[in-house]
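Residue numbering begins at 1 within each chain, and the chains themselves are lettered A, B, C, D, E and F in the order written.
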């Protein structure tokens, strides 16, 4: 019996979309207001999806308290109330688009899960803009 | 033309996570506050997803009024304002985790659908904890 | 400059609507499914509203971290994952309707606030049923 | 690295479910209140999902501003504040069920996307009734 | 102990903003797309707020099942899946703006409440546009 | 007939809570993570409430298109995708707490409204933290 378990979390961060290998003008054209050198910010919402067999002893695929702790440590403590471009190792040389943030978070969470479990995630930048990554 | 139709419903219930084949201590360790012998409760939200071909006469995959009635009879009338552990046959001997509730509901709804239609569902225990089951 | 600050929190609990001074039949008639002797439950959502002058030094009416801690201790730690009727002092002899829960919570939070601050709160039993109490 | 990007949009429209090749009575039986000859209406919410590789230069799968403009022109400007049955070419001879609206919108958006990108969408007729179409 | 009880309900309707005493051009200028002669529509959401003393016997200000039935009969059965301009007495000679709909609904519900209870309501035309009326 | 009309809008911004007249240590103690010198950010949601008499000609208290344009110009164009502390005149010398932002926005919008209309507003910093200001 394969079931997916979801856990939602939140973090608030500043960021700026910018590719240092492009000119100022190209950056402005590509990223518009998101290229503001003084940064803007978002309330990011993260839905982590873990898929696997139900353990007949617990009735759980994964204990959501364990999943919550992984997200707290790997995502919230790292990115919440941070400037993604300045305060984090992950985005010092990587443009913090929603797509790239999703891939980074997937790679931060995956090593903490039982290898039998599949991981996917959805990241909301706003209610109207969000992305999904399934690890492939 | 394959389309998925979703219908959302709600029920409010009490439950307790508990495996009678384990000791009190093991139950407490595994399920924490959810093991409270006097129960706690949730507003469950259920999204039922039915996938199939659009009927060219009606423009429907399934009439959502029919789907609504199935959910009302098989899920709402059975579980709403109930204690899942005490008041229901389904969870007398099955730990009512979100995972197990989803599988039980899938099995309750599936026989009422045309066999050509695929069934999946998402069950929210809270806004931040939810599960999906696709019947496999 | 009078501003209201709101902080939202959640707790999940079981309860039963019941007035022990009435007959079984009267209770059933008055409270219907909510009178189920085995309890049902809800995801309660609480919005606490604190109104007062902005402190010119901090720019705060009240530090929401302080407000969050009061709610955590007085509401969440007391009621979350509890059976309101059995596990709490407050509802041993008081029917845990949304109205009464709101009044009880108001009285639990008020003594922890600076007397210059006004307190009101909204309690959601479900998305469609909720109450407000302003302390009068 | 395959990521899905979602963009949500809204439009408000009147419609009537009706199949002119059926009798009045059959229409009433099939579509009930939705067959009201004077129309009723909805706040439709549309989630457009575009799946593809992350462009290493931009960090985007697709610039959501471009996706927003496609939705604005092809969906919003065409259907918002319209009567779907009377004011649009698309539903003059097609019953505007949520299923059919989803297929129509898919066909309107698809030609504007790079052929490497996959398109799917979810259309909400209400919070409780919605559909998904993946183009197959 | 004065508490407010809220009950939320929904109805889906078509309407057109139009003042017959003005010219076509003035109507178009005033109401823009909302003046479309073929109508558009909305998922209206209604929050009814009833304020009064808690009854010490029931712990209720008003039984929300009674409030639900009043809303069902006076609002939902009258306006749901209707064209407000054509199918209802109330808006044959009254422009169905959100403001006017709120006043009409207030007047429909008020006579069914105990005169000791105060009535107010909030009507959502969309998530971003809504109105409140307190009966004065 | 006095009705309140609400219009909701959104803007995304970076900010830092900081009082330059206090020491580094005092700032850190008072504002914690929100004092991060590299900024963090939020998706702010703003609900503007305008109260007045219904105009019998239009059925409006205020045309929400006009209200939308005022919010767009005075709030969105000024603060969206900005760093509140660096990019705006308003918060160069004012700590951008939710309370202070609400007061600033009230003062930006008020002069554009007919003096007969009352103005209040609610500002969401996150779903769980928000403030209200009524202009007094």
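The criterion applied here is as follows: a contact is a pair of C-beta atoms (placed from the backbone, for glycine too) under 8 Å apart; a residue touches a chain by one contact, two chains touch by 3 or more.
What you see is a predicted model; the values in this text were computed from it and never measured.
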Touching subunit D and also subunit E, the following chains: none
Chain pair with the higher count of C-beta pairs in contact (C-E, A-F): A-F
Centroid-based (C-alpha) most distant chain relative to subunit F: B
Reference interface D-E: repeating pair among A-D, B-D or A-F with over half of contacts shared: A-F
Distance-maximising chain from subunit E - centres being C-alpha averages: A
Intercentroid distance (Cα basis), subunit E paired with subunit B, Å: 34
Between subunit E and subunit F, centroid-to-centroid distance (C-alpha), Å: 28
Contacts with two or more other chains, residues of subunit D listed in rising order: 127
Which pairs of chains touch, using the document's own definition: A-B, A-D, A-F, B-C, B-D, C-E, C-F, D-E, E-F
In the complex with subunit F, residue positions of subunit A that touch it: 10, 12-15, 33-34, 36, 38-43, 80-83, 86-87, 126-127
Residues on subunit E engaged by subunit F in the complex (per definition of touch): 17, 19, 22, 30-32, 94-100, 102-103, 127-134, 136
Residue ranges of subunit B in contact with subunit D within the complex: 1-9, 49, 54, 57-61, 63-65
